[in-house]
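One chain, chain A, appears in both complexes that follow, with chain B as partner in the first and chain C in the second.
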Partner chain A sequence: MATAVIANHELDMDAEGFLQKPDQWSQEIGIDIARQVGIDPITDRHWRVVRFMRERYLQTGQAPTIRTLGKESGVSTKELYQLFPKGPAKLAARIGGIPKPHGCI
Partner chain B sequence: MTRIVILGAGTAGTIMANRLRRLYARDVRSARTTITVVDQVERHVYQPGLLFLPFGGYEPEDLIRPHRSQLHRDVTLLRETISSVEATANHVHLQSGRTLDYDVLIVATGTRIAPEETDGMTGPGWRERVFDFYSLDGAVALRDALKRFEGGHLVMNVVDMPIKCPVAPLEFVFLADDYFTKRGIRDRVRITYVTPLDGAFTKPTCTRELTHLFDDKGIELVTEFTTGRVDGEKGVLASWDDREIPFDLLVTVPLHAGAEFVQQSAGLGDDLGFVLTDPHTLQAKVAPNVFAIGDATNVPASKAGSVAHFEAEILTDNIRRYLAGEPLVPDFDGHANCFIETGHRKALLIDFNYDVEPVFGRFPFAGIGPMRLLRESRLNHLGKLAFRWIYWNVLLPGHDIPAVGPRMSLRGKKLPVTPTNRTAVLAAH
Partner chain C sequence: MSDSIEKVSIIISKGSFEGIYPGLIMANGARMEGIEANVFFTFFGMDAINVKHYEHLMVATVGNPGLHIPTMIGGIPGMSAFVTHQMEKKMAELDIPPVPEFITLLADSGAKLYACKASVEMFGLTREDFIEELEGIITVGDFYGLAAGGQIIFT
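So, the complex of A and B:
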């Protein structure tokens, strides 16, 4: 398990920069990760998606998909791609401090 | 009198009905306990067979049996369409106007494909050059199209997760490679696998060990592709970030959703119609006397028959506990066990749960096998074919499979220690 220091906190992180323990996360850390992936400044619209993603993961153990984000987060799929050009689900998961969305193998 | 109502006569519903019938055999015979199963269709489809049907491996009649013949005679089967569940009143409302009262409700209505949710998918070209193989009709139409296919670009695409049998689209491209090779036209067919995830395999061990399958078979890979629309007339698959993939034949795994009535039932499901369910006890969040099993739940386990089978053993015990006024046991660990066809009469076998990723080792007997996990072999392929018999004769009647328990065994497996499985792995050694 690799660790990394972000916003002065030592965090458990996988090779691709996803936090492995969601409880280590804070908003400050989210802002720092956003900056690393080229989202600067992070806006209220971004936060809306990131918070939705994180809350849903903590409730169900599963990160919502693009489709759920587009239907339920209050941000349309089209805008999701404007906000997070390289893949909304993955980037919002990374900024929100939850593990990478994955398949079963 | 105790009334148990089971919604859905698929894999999970049938196993539960037969297990509960056996558990309460005497009470059921004397009608002190009733077990009623509701399903809107008459036939039970052996779904793993749908993967082989397009390549001529099975005929439709090989895969179908009446629901009635799979359920014990003391179980009541109603052919009705469900309108909604009113959990506060213990009512199931049926489209016929009838209402069923229950003491315990089990939701086992699985998942359905929703191709109409993707722009253009069911428009011109649907079932002509755009196909699914998750329905019997779709698999048959695809078989006929593959027979006519003389070359060009075959694209296999997964629209979004979660899907039923997450490895089926991978198996499909491996079997397509095999099929076109046998027909002698593999050099005229380009095969591309298009996934919304960031790899064909997304778990580190699988990525490392299985990526070679794509290279060996000459299958191209497009990742992080979130399907926005399909143009079946022009033959174009387009993503939300405006990437376009031209195709001659598109095989797609459409969006998946839960049964329609779930969304008409207050508090029962999530936005996709999957039942909000405790991942360890399988009790639904909506009420203590409602339970869910199999593909119908929102638990983060694979949507696969093996999962339903493992869940059934634990759910049967929890329903007995509920009716006896005992606390439920949080015993379900997400255990899944799947064969993965890799073509040319070989298959892989994987075994995993919520916390432990697929690993190497032997199965089902530690150190002996005879099956090897995560390695291609002919024996695994034979295991997959033999499974059809096991399905009808062991699984659906609700018997246990010898040596394969509901909880994943860590014995005989080569386990890397990670933060999420540390306790479990260290305890096994």
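So, the complex of A and C:
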């Protein structure tokens, strides 16, 4: 497993930049990753999605689907794609410090 | 040529449950990766965007060897409804939405949905037969124009 240094922390990360150990994450690291993926500044609306992704993953061991994100995160599907044009689920997972979502939906 | 896909244009030509879902899943998966997506519904594939039909799509249980049900059994009345129901249940577990909701999800995600003009005329349909989210009824030539520079997937 590769490691990378973000916000002065050495982190376990896969080749696509997803943290492999969610407990290594902090908000500061999230902000840094957001900047790397072109989300700068990260807003409260972004955080709402990121936190929902992260919390759901920590509760269930699985990242929520885009359908669940749109229904339950408090951010509509349309807004999800405005906030994260390059893929809401994938980017929110990356910023939130959880592994890459595996589902097709 | 770039090694990443920036745009896909997906043609959905079949009207069965199993003929429609793969194209929808491919289109949604594209949007989830930040890939631009067009979906072109033609022939019976238009049932997916036809408000009279899109809630009632059925799995083909006859002439569908992949199901591994003998044709005579597949033809028993109610068989198609039964198999469709089973498949819907499985999909719900995987959080795959029913077709009407899936179409809205796609439109909201920024995928552009089109009906094929030739098919619309052939089946005697009008704009009112289709979902609100439909971007337009377009010709094959228009479709190729929209698809230019991207990948085309036929299902």
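Assume the second predicted complex is superposed on the first by the 102 of 105 C-alpha atoms of A that agree within 3 Å, B and C clash if a C-alpha of one lies under 4 Å from a C-alpha of the other, contacts with A are read in each partner's own complex, and residues count from 1 in each chain.
Following the convention adopted for this analysis, a residue touches a chain if its C-beta (ideal position, glycine included) is under 8 Å from a C-beta of that chain, and two chains touch if they have at least 3 such contacts.
Note that the structure is a prediction, hence the values are computed from the model and not measured.
In this overlay on chain A, chain B clashes with chain C. By the touch criterion defined above, A:G87 lies against chain B and chain C together after alignment on the C-alpha atoms of chain A. Shared-chain residue A:W47: touches no atom of chain B or chain C. Applying the stated contact rule after C-alpha superposition, one finds that A:T77 touches each of chain B and chain C.
One of chain B and chain C touches more residues of chain A, and that partner is B.
After overlaying the two complexes on the shared chain, residue contacts for A:H102 are found with chain B alone; chain C is out of touch.
Look at A:T60: by the touch rule set out above, it reaches chain B but stays clear of chain C.
In the superposition on chain A, contact is made by A:T68 with both chain B and chain C.
One listed stretch of chain B collides with chain C once both complexes sit on chain A; from 21-29, 147-155 or 273-281, that stretch is 147-155. Of the residues of chain A, those at positions 65-68, 77-78, 80-81, 85-87, 89-90, 103-105 touch chain B in one of the two structures and chain C in the other. Within the complex formed with chain A, the chain C residues making contact are 25, 28-29, 31-34, 94-97, 101, 105, 108-110. Contact residues of chain A toward chain B in the complex are 1, 12, 20-21, 60-62, 65-68, 71-72, 77-78, 80-81, 85-87, 89-90, 100-105.
For chain A in complex with chain C, the touching residues are 65-68, 70, 76-78, 80-81, 85-90, 103-105. Against chain A, the residues of chain B that register as touching in their complex are 117, 160-162, 166-167, 170, 196-198, 201-203, 206, 210, 224, 226, 228, 240-241, 255, 270-272, 276, 279, 298-300, 302, 336, 340, 350, 352, 354, 358, 418-420.
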